[in-house]
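A, B, C and D are the chain letters, set down in written order, and residue numbers restart from 1 in every chain.
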Amino acid sequence: MKRRIRMGMVGGGPGAFIGGVHRVAARFDGQIELVCGVFSQDEAKNKSMADELFLPVEKCYPDYKTMIEKESMLPEGERMDFLSITTPNNTHFDIAMAALDHGFHVVCEKPMTLNSEQAKKLQAKVKETGLVFVLMHNYSAYPMIRQMRKMIASGVLGDLRKIVASYDLGWLAAPNAGKQAVWRTNPKFSGIAACVGDIGTHAEQLIEFTTGLKIAELSADLATFVEGRTLDDDATIMLRMNNGSKGVIELSEVACGEENQFKLRVYGSLGCLEWSQQTPENLCLKTNDAPMKVLRRGWAGMDDDVKGMVRLPAGHPEGFLEAFANIYADFTKAFLAYKEGKVYDGCYPTVEDGVREMVFIEKVVESSKKNGAWTKL
Amino acid sequence: MKRRIRMGMVGGGPGAFIGGVHRVAARFDGQIELVCGVFSQDEAKNKSMADELFLPVEKCYPDYKTMIEKESMLPEGERMDFLSITTPNNTHFDIAMAALDHGFHVVCEKPMTLNSEQAKKLQAKVKETGLVFVLMHNYSAYPMIRQMRKMIASGVLGDLRKIVASYDLGWLAAPNAGKQAVWRTNPKFSGIAACVGDIGTHAEQLIEFTTGLKIAELSADLATFVEGRTLDDDATIMLRMNNGSKGVIELSEVACGEENQFKLRVYGSLGCLEWSQQTPENLCLKTNDAPMKVLRRGWAGMDDDVKGMVRLPAGHPEGFLEAFANIYADFTKAFLAYKEGKVYDGCYPTVEDGVREMVFIEKVVESSKKNGAWTKL
Amino acid sequence: MKRRIRMGMVGGGPGAFIGGVHRVAARFDGQIELVCGVFSQDEAKNKSMADELFLPVEKCYPDYKTMIEKESMLPEGERMDFLSITTPNNTHFDIAMAALDHGFHVVCEKPMTLNSEQAKKLQAKVKETGLVFVLMHNYSAYPMIRQMRKMIASGVLGDLRKIVASYDLGWLAAPNAGKQAVWRTNPKFSGIAACVGDIGTHAEQLIEFTTGLKIAELSADLATFVEGRTLDDDATIMLRMNNGSKGVIELSEVACGEENQFKLRVYGSLGCLEWSQQTPENLCLKTNDAPMKVLRRGWAGMDDDVKGMVRLPAGHPEGFLEAFANIYADFTKAFLAYKEGKVYDGCYPTVEDGVREMVFIEKVVESSKKNGAWTKL
Amino acid sequence: MKRRIRMGMVGGGPGAFIGGVHRVAARFDGQIELVCGVFSQDEAKNKSMADELFLPVEKCYPDYKTMIEKESMLPEGERMDFLSITTPNNTHFDIAMAALDHGFHVVCEKPMTLNSEQAKKLQAKVKETGLVFVLMHNYSAYPMIRQMRKMIASGVLGDLRKIVASYDLGWLAAPNAGKQAVWRTNPKFSGIAACVGDIGTHAEQLIEFTTGLKIAELSADLATFVEGRTLDDDATIMLRMNNGSKGVIELSEVACGEENQFKLRVYGSLGCLEWSQQTPENLCLKTNDAPMKVLRRGWAGMDDDVKGMVRLPAGHPEGFLEAFANIYADFTKAFLAYKEGKVYDGCYPTVEDGVREMVFIEKVVESSKKNGAWTKL
């Protein structure tokens, strides 16, 4: 294409975290430009953010419906090409449906919807329209996670036996954890789960993404440690996978002292792969019959396909934003393929991952309510 | 005392692992000497081991009953003072009962007995005789584990909320894992659990030891991955503690590629303590409002009582054998106190830990058979 | 300002590494846009790069002189505001002088010039014009390096005694190390030193930047291990600082197996600070009388000024590009201050650092030629 | 042999550090027993230590001359077999000479003597008597150091190019660092160097031991940071090796905050090996064309000869004392070979290492006095 891809945005007003991350990630590779947005329901904040982003005043819309309608009346190349949705969970569905209905591709924050019913409707809509829909499971776009997926698929670990994921943060350890915490612990905005929806879905998605397996059934024990909360802030979930392997997801948002401690280990009959989000450049391969290998992003030993994601030479640390940007790079490829009537065969997270995560949330809550009864997905 | 403490031993023949460790640990501090033993049921092996240990031929006994009887007829100072039991699980009970009945103190390998019934009888016998009985939970004697216990007791972490233990080894990943594996996977020698008995008890003991809490109920999912085995080689166990906190123990002996990966994290309302057996010199304290602290064995910041356990200055690594030797040092103190008619108030693992671990094993197996039903201890 | 800052670029053609990094870093925060450039001396490559960057054909200039002249004739807001220089060392001086002479601010790659004579002329020119000149010592813009500087200045380490820097890469271990290696080992493009110019200057700059000390004299031993090279690919440099403290810089570009291993330790009478570029989120504070503290970017314990540089919450890894972008953020602040007739008092690397590094290179080479004679700077 | 090897000891009185370490190390494997000693020049302390060690009063001698003479008059099997010398440096020579003259084998602390003249005389005496003389360079007996030596000898690194050692401790950072510091900083007991003698010799010995190279010449810069000291407490030493490779040793005993931070990296044309004393179980192999390998003590990938040194399975940490005990194990083998009229071909440190280290100390001091002039060994 002779021009940048044109992005609209809903969300990401002053003080928001993830909306700003989307903007940096979208412009990372210079292929996408932000052309319009609804950043806040508060008019002053909305305008102030548009100003800060050097957007012309007429491209700062009062609400998503107006934006989608007005933009859809502009000619191709003047209207936005796709919409990034970075608002609280409860709004994703309506916005995404409207965008798709008006012919706009979508990049959507996770968890995808409020419940699995919405998720399945959205899935049908994506199928019906044929438009590109990318779900922002950013951790699945770390190069060493893609490497892990490739290695497991190639049989390096043999038959998979055990999967151990843990995701611990301390940010909700105290009752008053700031603005971002308010909506995440409020069922109106978050749905039926807080911790499980916020970080449990990352664990679930990464497990299925890297192993190629499906969670067959689960047994969950949710907890709420901070007084006054109605939703979970801690969970343990035992897993049985569809190949007979076992697993466990340990989650906490009241893990005082932890930053963003997301770890994944996968064991098979031949060895183990281990990755940790806070040191994302390393992927550790352990076996019983050879010294431990530490694969490093950008160094020798990477899969050829994965090498293509590498922006910097090894030893020049890439981080969270690069992984986020990799999802936008996936979107870019999928969008350009669409323009040419083709389908991009990359492994980015899609509406199917979104359906999967909503079912997961519901089954976790169901199992926990039944005192941990094994519940099929 | 004007002489070394005199140790007898059952077990630890040629090719045994843990018996040799006991011998090194016992002589570590120069307070204990091995004076007699039954090292093997095979006469030639028994004698050859005694030779190797420079024991006179008459101190190499054909069986434990003979040893206990003959030694008990010798005068104090010529007979053994205590017996170390390092044989397979199924024999611990009879040997320990006989030793205690003849007035010998005992150091016993874990798991303590074959079942909780035996354990409780042994507990009664220890109480009745008033003799010293030390259970070899060596990991509880790493200085940084004792430090962790002290810090938690002093309230550094606030109210405890979450406990995460994992213990993974790869040594049973293949069907044929050597001589030591044979009896550990055979119910006749091991009891009703293999992996849970062998390493799960370490996790259970360390959790209760460091936190001062008790496991109130548990939900377990055992697995057997290697064909031909009748006992578990993998397990996940969810915990509810007696103070309302939650926990999880993840265990595997088929975790291909892992050496002896035993990790423990404890979270409270004020922070987290984290320890890992393969880097036992570090204890990491994380909180939300200060930089992470890494306490190091022998360096500033250690509790005064724990400092007394330190043999080497910081930076001169201590390891597994020192921890093992610390249990023998605890035994030494308890024995010397006994001799003076006193009671040593140290925090070493005792027959009560043994009862606890046997109940734990049984409840884990019971829960797993009931498809993970929450089961009270 | 109501618009983005307008950047021109010299260098960064197809296959170049550092030019692309400059572009990502410049657009990172959405404050700067690339508006014109000379990307290659090869016309086809030049145009192809401009195309790739969505630049209009008339903004792709054939050479830097033309660009500077033509742009200088455009009105403010239509012309470029500043020039990024990302070409080989030997061209920096002429381009920077021309830019400054035509009223353009400059961001310049390091090492700044071919020799100290050029450096001093450039320093005079910057002073004369009053324009903003930023030298791209990206490592000095890692938040934990700025934190280190602040802590040392505040006296956390007491009187400084010893500084140890090492910088090791394996990329020149073999004779044929690719296009980027060719000019870096060619005196015509690189000047009188290769390894010392390329990475030694990073070490020198970071030492003086973090400690606030100056290297008073040095003793160097350069080496060339790969046959056919005329310049150094390895060096050791002993330092005596202006406060009486000592130091050493160990450098190698033939350190086979190393990625980009840049480490710095500073010792004082009260403690030590330690940082490593491959794990840039950590800053380790060690003292004799307290447990080791690991300060983490974005977590508690950071200096308030440094907090302002943090883009992501702790545990969401930032890396090399963020540090690079921080230099552009410094430029942005300095530029905006200039526009308002003020001076930004940030601690970014300037033309003075450039003079310093050129003197350093020359003294290192001089000392090595004199078989390590101590040589004053 | 049908009995334990009989050890006599000079040094290791109450409050001494290294003497106690020797005793633990000597009895580690159950092959050696302490049978007599001179532990202190203070009669009460001498006796009290002998009591503590359960030695009969007649085996606690008033001075080394008496001990050597009296023991030499006892029959074989009743007298000591060898003498461990753990006193301050200035006494090693006389004691060792006397022991050898009376037919006793020797284990001697490092640095071996007060100067190279003594060292060479001792070397001649060892040769003349044919007795076993082992120098306690304990770090050379870590299994992963022996592994490193083997791998380098086998050519894994190709042609060696660069060696980087650093050894930093904080224990002498303050003027009053306790009893052990007093003699180590006093030339009467320590000789012409403190820091270089105490820890520099470890670096020198380990470099030559692991690489098989010799230091050809060196350039040194010594420093004394703490007021009142007459000897060095800090040093940097540049090296040129006999094969044309380069190196550097960075040393400090005023490195406030460091425990016992001894690190070694060796680079060759094919890769790098890296080891750190505070994590002695790891040996890291890095190359340009494969993922980093972390060899672990006891795991797959170890040399067959080195495997024989392993006491515990991988993941059960061994530490400083095991390395120390490995030197006594080497002595044991050499002693038993001697008894059989053979020569043990192990790679333990000998009197030649002692000569080498004394020459090294003298050349370092000489170079530093000449302001770093390159000085041949």
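Keep this in mind: a residue touches a chain if its C-beta (ideal position, glycine included) is under 8 Å from a C-beta of that chain, and two chains touch if they have at least 3 such contacts.
Note that this is a predicted model, so its numbers are computed, not measured.
Colleague: Tell me which chain's centre, taken as the mean of its C-alpha atoms, is farthest from chain B.
Modeller: Between chain B and the rest, the longest centre separation is with C.
Colleague: Considering B-D alongside C-D, which chain pair is linked by more C-beta pairs in contact?
Modeller: Per the contact counts, C-D leads.
Colleague: Any idea if chain B and chain C meet via the same residues, over half in common, or different ones?
Modeller: Interface between chain B and chain C is built from largely the same residues.
Colleague: How many angstrom lie between the centres of chain C and chain D, each centre taken as the mean Cα position?
Modeller: 43
Colleague: Between chain B and chain C, tell me the centre distance in angstrom, where each centre is the average of that chain's C-alpha atoms.
Modeller: That pair's centroid distance is 55 Å.
Colleague: Based only on mean CA positions, could you tell me how far chain B sits from chain D in angstrom?
Modeller: 35
Colleague: Quick check on chain D: which residues sit in contact with 2+ other chains?
Modeller: Only 171, 258, 285, 287-288, 292, 296, 299 qualify.
Colleague: Based on the touch definition given at the start, go ahead and assign the chain network to line, ring, star, complete or other.
Modeller: Contact pattern: complete, every chain touching every other.
Colleague: Using the touch definition from the top, list the residues of chain A that touch chain D in their complex.
Modeller: Of all residues in chain A, those touching chain D are 285, 287-296, 299-301.
Colleague: Within the complex, which stretch of chain C touches chain D?
Modeller: Those in contact with chain D are residues 157-158, 161-162, 164, 166, 168, 170-171, 173-174, 219, 221, 223, 225, 234, 236, 238, 240, 246-248, 250, 252, 254-258, 265, 267-272, 285-288, 292, 371-372, 374.
Colleague: Contact residues on chain D for chain B in the complex?
Modeller: 2-4, 17, 21, 23-24, 27-30, 53-54, 169, 171, 258-261, 277-281, 296, 298-299, 311-322
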